[in-house]
Amino acid sequence: MSQASDNRELRLTQVEKTYANGFTAVQPLDLVVPQGSFFALLGPSGCGKTTTLRMVAGLEIPTAGTVRIGESDITYEKPYKRPVNTVFQNYALFPHLTIADNVAFGLRRRGVKNTAEQVAQMLDLVELTTQANKKPAQLSGGQQQRVALARALINQPEVLLLDEPLGALDLKLRRAMQLELKRIQTEVGLTFVHVTHDQEEAMTMADTIAVMNAGRVEQMGSPEELYENPRTTFVANFLGQSNLIKGSIIGKDTLAGASVVKVDMEGTIVSIPEERAHAITGAGWVGIRPEKVLVAPAGENIDAPGSHFTGATIVSTSFIGVSTQYVLRTAWGQEIAAFEQNTGARGVMPPGTAVDFSWRPEFAFLLDASQDASAGIEEH
Amino acid sequence: MSQASDNRELRLTQVEKTYANGFTAVQPLDLVVPQGSFFALLGPSGCGKTTTLRMVAGLEIPTAGTVRIGESDITYEKPYKRPVNTVFQNYALFPHLTIADNVAFGLRRRGVKNTAEQVAQMLDLVELTTQANKKPAQLSGGQQQRVALARALINQPEVLLLDEPLGALDLKLRRAMQLELKRIQTEVGLTFVHVTHDQEEAMTMADTIAVMNAGRVEQMGSPEELYENPRTTFVANFLGQSNLIKGSIIGKDTLAGASVVKVDMEGTIVSIPEERAHAITGAGWVGIRPEKVLVAPAGENIDAPGSHFTGATIVSTSFIGVSTQYVLRTAWGQEIAAFEQNTGARGVMPPGTAVDFSWRPEFAFLLDASQDASAGIEEH
Amino acid sequence: MRSRMLPYWLLLPAALWLFLFFLIPFLSLVATSLYDPDGSVLTGYHVTWHFANFPDAIKAYGPHLWRSVWWALIATALCLVFGYILAYTIAFKTGRWKNLVLVMVVAPFFTSFLIRTDAWKLILGDHGWVVHALQSVHLLSQDGRILATPVAAIAGLTYNYLPFAILPLYTSIEKVDRRLIEAAGDLYASPFRAFLNVTLPLTMPGVVGASLLTFIPAVGDYINAQLLGSTNDRVIGADIQSLFTTTQDYAAAGALSVTLLVVVLAATLIYVRKAGTEELL
Amino acid sequence: MRSRMLPYWLLLPAALWLFLFFLIPFLSLVATSLYDPDGSVLTGYHVTWHFANFPDAIKAYGPHLWRSVWWALIATALCLVFGYILAYTIAFKTGRWKNLVLVMVVAPFFTSFLIRTDAWKLILGDHGWVVHALQSVHLLSQDGRILATPVAAIAGLTYNYLPFAILPLYTSIEKVDRRLIEAAGDLYASPFRAFLNVTLPLTMPGVVGASLLTFIPAVGDYINAQLLGSTNDRVIGADIQSLFTTTQDYAAAGALSVTLLVVVLAATLIYVRKAGTEELL
């Protein structure tokens, strides 16, 4: 179905969805997904990411705005006429059809007579050739997921939509399927739009991530950009974990030839690179990722030239194999998290240990303090 | 119900369970769970851990062996007469009763007339006071989990059994509930026996972990012991991730006053401390955890004196925020995994980079090569 | 926009159904109940708003109505007890035989209502083996009989409506999560208390459904009374039937039908409210 | 050890049920069907293995049996069509009105079988508004009638057994995962193809259940034929009934009953096998 047009990017322009009951699931939204890219919509449940996906699939009609693939406007096109296929959250395999018939379903509906060869190729791609004549219920979760993928891919859609495709799998299997999906996307070169609430999944697979919250895109960029330089507290907390420390912004300065913003943080002056400072006056949140916080017993040398703090104590220590997670109480009484990889260079420090900690100033970021510091930390 | 006896440890002696169809779910098993400890049974599904738990609860009768709490033999005691309560996998809250009535259920069955005060205290402990008059279906998953906990704890059982109590929660909530459960266990001081297949969960919470596989306990010990010094390939792979590299064992030696076992590993002689060597002749697997493998661009200095290897290439790079996961191809053609915390000390190295890698020999372990190197890696 | 009216259009079949199959018959009946009682096939029938048809009919047939309700209640209670035991056994205790046993239970339904009732007539008849057996152990006097007694009629009702009781009971018992029963046991409830405090409350929808599915048709049934009961013990269904077909006293027949309908609806509403299962309706 | 025999003991109620309510009536019937045909109330009845009862009965009543089967088939087909439309509408299109509409559909069931049929008799009667309406638009001749025709009898069967068709259909349609229909649409199936290729195959258990629940009782039914049909169009249920009660020719009644039972069982087995839903039984 891929057409020989030059640019078949997916473009959402001012797309909006308000339901009959007045609830606005998606605020006016602009998105451009380049052809052949792996794009992730990341956000908590209810943020509008699934509604956005369904509007692309044609399962919901936008209240306003347009959905285009290349030059063709598909905003009001019926779902069964769109060059778009979906891998549904719970796979939605047809229970009364065999695996082969499930995979052939789309081709047959489009009038393709001889589907056997294409089905065989596709089953080979997802390594399910031996399961062709089984019914979906006889397959494991991971196998069902691959059938759902094959059933969508065989139609060679211009855009493949994935709605939390790995949500039903357990942790280890999920990690394995992430690599698999990424490999297949690279191989077939289609545009993938992937909806997920699992930040690790989005970061592992996507070229570009759009973080959604309450119907809006909070920030969009590559995984590294979003992780290293979040613009809002929501992104800082939802994508990984962040320590946010209150400070008052002093103003811009130049340090070793680079523009920085200086902040008085609990009596210590820290310098944030200007491109990482998303507030320039008043109060601000100084943010730092736990793995950037290096800890050592009080007085020992720390390999992180920059912001150095003394007088902290370890409050709790969790050994989780790969790393140890510490919670420190700082001299000014705040609890902050620090991760240390168990490289073996140092043993695990028990709670109560007096420690110093430090971070390289170029990894801190500065956010506007008018935002809720706990936005994006899932409540229960 | 806690009795004034000196030692109310839970003791399973040669407990065995074979079903009518001949399947042996639990091979003869000895376990001692000290009073007041947090004990985890960890293993993949079907390993017999849940059957073991159910035999303690009285929901299954052992084919042979005895279950004792202190001096009392409860092997054949009816479940409703045991000083044991369970937090079930899907909570098993009574849908027709309010939260308060759910929590009061056990007390009422034992003839306690005035339960209001104890229920109020217990709801306070799990922070659900305001939900007392709701029905379970009106609560979120995390709240239901806490009701299930309160309903069991209010009976002050001598042993509290937890059957994958966090399995139905999503990742972030699971991590929060782990800390909560651990806090409550420390507060109430009861014996907790916790069944799980999530190794991170077991390591975060338990004092002692028994790793089960195919009806047998493979290894038992503290989380650090099991993680740092696994005795079988199953434990090495199931509890975290391991690189296993084939080598031929040369024999014992003494190095700087310590007993070591020397192994010829792909041309390099490595020394494994004797207490970490679980094979002493023939072929062996040299095991090393990915976070112990330090990587640097070829020729750069690595802060890990010991086994040093050159001529490797990065095959894949996954940035996951907290850390970057590399897969390297070694000079002898094997793929091995290495994790690097994103402390900011070095940027992410792209695939194709020529690298050296190294690990401290005291963190390697040596396993018998007759074992399957992929045991415990969940297949799909 | 395009489909805003669609749901309303699609409600049409249901509305039509209700109109055709409930409202029209019901209104026809109500109209009939208000006919001039002196009408006949020859003189024609006319709605004269003759409300006296109701007290007249109730005066004449009140005891029969009362007997029908009473018999139906006893039959419903018996159906609930037997049905619950059977359904519970099938749902919880038969394991892999479950399907076989379910087929066994539904099997009698494959013979028609009438044939089954006729067969019972043979069995319970004065020369049948049941009477002989009961007489030989002196549970029944030598000239005692079962056929043509209320016992036979109620037994027939119970037997004929038992499948209607078993199916909803089975459905709701089968849905009970076994883990809840295990949890009750874990929380110091003996098997009996677990049944009272967990299983029974959770299966109330099935109990209510079974009650309604047996009581409602049993009240109007006259076949069992006619074939198995005594001619002295007339039930309201038989009265309505003969008024409609033999006597052709449509006014009385209509009044009696409406009265019966009101009694059944009232009984249902009170019962459902008492059982606390309003959400079922 | 202690509970190894328990499951067998618990199978007892089901076995007892089958014995009492199916095997005994069935064996009684079979015995009856082999009575000496010359027996009477006065001379008594004896099993003489008189197999000729069967050809005799079939010869005498074959056309009636054929008519019953034929009418039941038509009524079943009509029930399936109307029932599917109604059940589909309720399950998929009524949204939050679902419960209300379900009550509407079940409401007619609250009046007894007999009263409903009698009410229909009034409606379809020669002086009822249906006939007048049809006559005034010349769809029916001035002396044409509906009552006392096969049309009325089949309409009555359809009407009375429709609730039995709707409930299994509704249950199975309601269970269909809407996401499968969305998935079919996503995979280039128009709504009509999605219905044919996904919804319909997935609801086959409901179709089979509905067919059996209407066909089986409809074959044996004689009330509709008696009240609404013509006296010239006798059905097999009426024959059995009058042989049992009026003529007291137990031999012929028994032979006819057994024949009917065999026909129904055979039809069921063939149908279920054709529909490929053996696992339902």
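We just call them A, B, C and D in the order they show up, numbering each chain from 1.
The rule is short, and it goes like this: a residue touches a chain if its C-beta (ideal position, glycine included) is under 8 Å from a C-beta of that chain, and two chains touch if they have at least 3 such contacts.
Just so it is clear, the model here is predicted, and its values are computed rather than measured.
Trainee: Any chance you could name the chains that touch subunit A and subunit B both?
Mentor: none
Trainee: If you count the contact pairs for each chain pair, which pair has the most?
Mentor: The largest set of C-beta contacts joins the chains C-D.
Trainee: If you average the Cα atoms of subunit B and of subunit D to get two centres, how far apart are those centres in Å?
Mentor: Here subunit B and subunit D have centroids separated by 59 Å.
Trainee: Between subunit C and subunit D, what is the separation of their C-alpha centroids in Å?
Mentor: Measuring from centre to centre gives 18 Å for this pair.
Trainee: On a C-alpha centroid basis, what's the spacing between subunit B and subunit C, in Å?
Mentor: Between these chains, centre-to-centre, one finds 58 Å.
Trainee: Mapping chain-to-chain touches, which pattern fits: line, ring, star, complete or other?
Mentor: ring
Trainee: Chain pairs that touch, all of them, please.
Mentor: Once each pair is checked, the touching ones are A-B, A-D, B-C, C-D.
Trainee: Which stretch or stretches of subunit A touch subunit B in the complex?
Mentor: Going through subunit A, the ones touching subunit B are 140, 142-143, 170-173, 176-177, 197-200, 203-204, 223-224, 227, 239-241, 289-292, 294, 303-304, 318-323, 339-345, 348, 359-360, 362-363, 377-378, 380.
Trainee: With touch defined as at the start, can you tell me which subunit B residues reach subunit C in the complex?
Mentor: Answer in residue numbers: 57-59, 78-81, 84-86, 88, 90, 92, 94-96, 105-106, 109-110, 151-152, 155.
Trainee: In the complex, go through subunit C and note every residue touching subunit D.
Mentor: 6-7, 10-11, 13-15, 17-18, 21-22, 24-26, 28-29, 32, 44, 85-86, 89-90, 93-95, 97, 99, 101, 103-105, 107-116, 118-123, 127, 159, 162, 216-217, 219-222, 227, 237, 240-241, 244-245, 250, 253, 257, 260-261, 264-265, 268, 281
Trainee: Going by the contact rule at the top, pick out the subunit D residues touching subunit A in the complex.
Mentor: Touch residues, subunit D against subunit A: 177, 179-180, 182-190, 193, 197-198, 201-202.
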